[in-house]
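Each in structure tokens, the structures are laid out below.
Both complexes below contain chain A, partnered by chain B and then by chain C.
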Partner chain A sequence: MSSEVLRGIDPRGYFATFIKEGVYPDGRGLLDEQKLVFKQGECGGVGSSVVSTQGVTVSCSIQASVSLVSDAPLVDIKIEGSQQLSEKDAEDCNSVLLSLFTNNCFVRRENLRCLDVCGKPLPLEWQLHIIVKVLSLEGNFLDAAVCALGAALVDAKLPSIVLNHSEGDESTIEKTQIQADYRTMHRLTLEEPLMCCSFGIFVDVNSDKKSEVLLLSPTLEAISVCRATCSVIVGKDDHMVMVRERGQFSSFSLLKKMCQITAERRHKFVESLQNVV
Partner chain B sequence: MAGRLREMRCELSFLKNADGSACFSQGATCIWASCSGPGDVHASKASDEAMTLDISYRANCGDNKFNVLNNIIHSTLSNAINLELFPHTTISVTVHGIQDDGSMGAVAINGACFALLDNGMPFETVFCGVLIVRVKDELIIDPTAKQEAASTGRVLFSVCKGSDGHPEVCAMDAIGHWDFIQLEAAWSLAQPSASAIFDFYKTVMKRKLSVDEQ
Partner chain C sequence: MNIISEHGFRIDGRRPAQIRNINTRLGLNRNAEGSCYLEHGNTKVLCAVYGPYEGKSSKRIEDKCAIVCQYSATKFSGLERKNRTRGDRKSTEISRLLEKAFESVILTEAFPRSQLDIFCEVIQGDGSNLAACVNATSLALADAGIPMKGIASAATCGVVDGKPIVDLTSREETDLLPRVTLATICGRDEVILVELQNRLHIDHLSTVMDAAKATCADVYECLAVVAQQHLKACAPILGN
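Right, the complex of A and B next:
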């Protein structure tokens, strides 16, 4: 009773009491990992996955269509909004995920060429239409969305394309000349999977030290009392492919710790994906 | 040249309908920023505890409904301005990208700060933007559009003055393959540039206020 009153009246002081002891109010350590559960291939499309972690559950499905080779973007992402995720936040996350594709963090553009039965590239490209749905949202959306996208791409199987159009023919490729052969399926050649972790940086204003405490996967309630939040996405060679930091903080070396924690989590995710395949 | 900012120019109060306005350019990149408020707020957006921020970056072509810079400018303003002084009001900051020759994110943040300074908002700390790109393992501050297109990594810092007067990170967007050492090198490169921009703020505001004394 008294702790709930304190929680409502002085949330910062309430959290400061626990964070000083190195735990969250629910007993979890400040840097303890949360469980990540994923499942592949149950949401339709050429590839799909459901990922649940840190209070966020996201489903991701990929539809593919054939297009002529061009400079246009080959990937479009639609994040279906919910009551918990506002349209503005959905647009923001959409641009983050698209920029990961633009920077070849998931799959290189040349690896989206259509292949014939023998695996030879054709002058056609796969266009991926990715639909991301939010099933529950109690933490940072990006944490689950990045893993869901990676798992869905691993799950994707694309048919062979039979093109009745000779190589020297300069006329336009007609729609009737393109056929899909579902007997021979191909998997995409992907970059290494990515991992996203969210952090909060808490500063106890009443303390003398005023040191910055790093929190892994803060809850929405904890985020409201944090001075800064940061999302780190780590990819191949444990390099940071994206950092999104909001709020003021002075210890730049905390970023190194964030990168290490995210890299450790990514290694576990990669092992799990390999075990499934 | 890799370590220097391009020439900065600024003109304040050039829009008579806006409470604060700034025309700011770095090299050939130019933006117009305007700021109006605190003013009336729609009931659906009103907050009883703090002022509502309405940030809009508009490029001079294409769809202007959403832009990636809105988020970082919004976050920076939330930290830099004391919003609790004006509950149940809104402030509208609009940044128009007039000409883009690289570093548009940094220039937009700087222009927004100038518009707010011109408006006389109660700052907790001034802020500025610095964009750093990596081209073949060389870090370039304030890149041109060509350098930005050739880059393999980019990081946009929003820098504010800490309580001790030194620059601190207020927001950061990094994209590309970065390890921590490179990112730290970019940050150490950004700090003197931020100090130079803060000095430019002081120079411009001195010039603006000296006219009033005549």
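Right, the complex of A and C next:
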């Protein structure tokens, strides 16, 4: 029987054969990291990035507009639809990314204040409109989206604002009184670059032990045979920021291992981001 | 104000590892297949389960049952009276978490091409709302007679100065306190839901997970008693 036939009729058995040997069908080790490639400033807007990792390529571009100071949310994220990414999954990811902003993980609200040429804060705020596009998807979308967002925010440069409205003037600020000065640019103060890693937990039901095997960044095909999947987001000082789990697993030590792998990967990402800047 | 006093008690007089009282009533909603009203301290949740039925074609899955959850909170459930809209971001997120958790508990393969609707409404929120919803849903599913791998139980735990505290109230759910909501099947090691709020250091993970696991086992004991009592009460109706 050829391996392709086995892959079609018994995908679980097919993967179990490889996983037993500690490798994916493509020869990669189960906990081997895949390269993370990113490029900044190529997709327009005030900041942008393209990130390719673990079989997923996404682009992220940030558009900015000025608004009066209010309690309204300052960041909106749009994940552009793709045939590979279902609407429900896109909604889920959108909600996760927005909650990272709400929890001040990327940029603090106070750091979105518009600044004048001298760097003095004005009674205006930047509103960020973030567009994430899926270019290819053969793994977990969230991993690449979190890195792309971080890289785009590091790349973001906002112009100084010239406000022709005196401080004592109580009348409302008119649109014509606001002008952007592109000669002096300000960088966004990024709170912390985050790293997201997705894992699969595979259980070979035909084996006697039925032990749980951890898979780092499984492909979509591997995810479909996993008992559980888990996405972990880690921030600065090895603090876990978010955990998203789907399915059922029993070994608590796996969760700690997932966090450690993500934290290690984050250190490498931060180093490369600093080298670029 | 300190969350744990110098004598080792919390604001409401509990010990760090002590859960709040759990009161339940099953089968309140006659129109639903299964329903449950659950009080977890001052957190009050109403849950109703409809189905399985032949659902919308857009949601239909060929080989298993589609689980659709809807979480909502009443205007008067929190400290501030809010004009909440159904389907706001927070509610949608909790609905998705519930859906994912119960997809792993319910034997969905038993009802192919069908749909099961779960409605959870927080009437009064006093912390651990997600955990209370999981517990109420488990009992409502048991009341509906939906085949499951076991009764799911959940608990929210936090860490204060490196020490775990369990079953948090809304006063304890501050912005800085890291907290984890964990749900397991039958109080065993089978995790179906992990939700983290605020930053938690990796070193504290095992502490909080162990405390949450033990609390889930305690909550399961309570839920199992309720389910057994309800089954006994139903025995004459079922003719056993």
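Observations, loosely collected:
Following the convention adopted for this analysis, the second predicted complex is superposed on the first by the 276 of 277 C-alpha atoms of A that agree within 3 Å, B and C clash if a C-alpha of one lies under 4 Å from a C-alpha of the other, contacts with A are read in each partner's own complex, and residues count from 1 in each chain.
Convention: contacts are C-beta pairs under 8 Å (C-beta built on N, C-alpha and C of every residue); 3 or more make two chains touch, one makes a residue touch a chain.
Since we're looking at a predicted model, the values are computed, not measured.
Following the overlay on chain A, a clash is recorded for the pair chain B and chain C. Look at A:S95: by the touch rule set out above, it reaches both chain B and chain C. Using the contact criterion defined above for the overlaid structures, shared-chain residue A:Q248 touches chain B and also reaches chain C. Legend: residue contacts after superposition of the two complexes on their common chain; A:D237 is shown touching both chain B and chain C. Within the superposed three-chain model, A:A263 lies in touch with chain C and out of touch with chain B [touch as defined at top].
Contact with neither chain B nor chain C is seen for A:S86 once the two complexes are overlaid on the shared chain.
When both complexes are overlaid on chain A, the residue A:N103 reaches chain B and chain C alike.
Shared interface residues of chain A, touching chain B in one complex and chain C in the other, are 91-92, 95, 99, 103, 230, 235, 237-250, 252, 255-256, 259. Residues 91-92, 95, 98-99, 103, 228, 230, 234-235, 237-252, 255-256, 259-260, 263 of chain A are the ones that touch chain C when the two sit in their complex. The touching residues of chain B, when paired with chain A in their complex, are 66, 68, 71-72, 75, 79, 125, 155, 160, 162, 168-180, 183-184, 187. Within the complex formed with chain A, the chain C residues making contact are 89, 92-93, 96, 100, 103-104, 180, 185, 188-196, 198-203, 205-206, 209-210, 213. The touching residues of chain A, when paired with chain B in their complex, are 88, 91-92, 95, 99, 103, 230, 235-250, 252-253, 255-256, 259.
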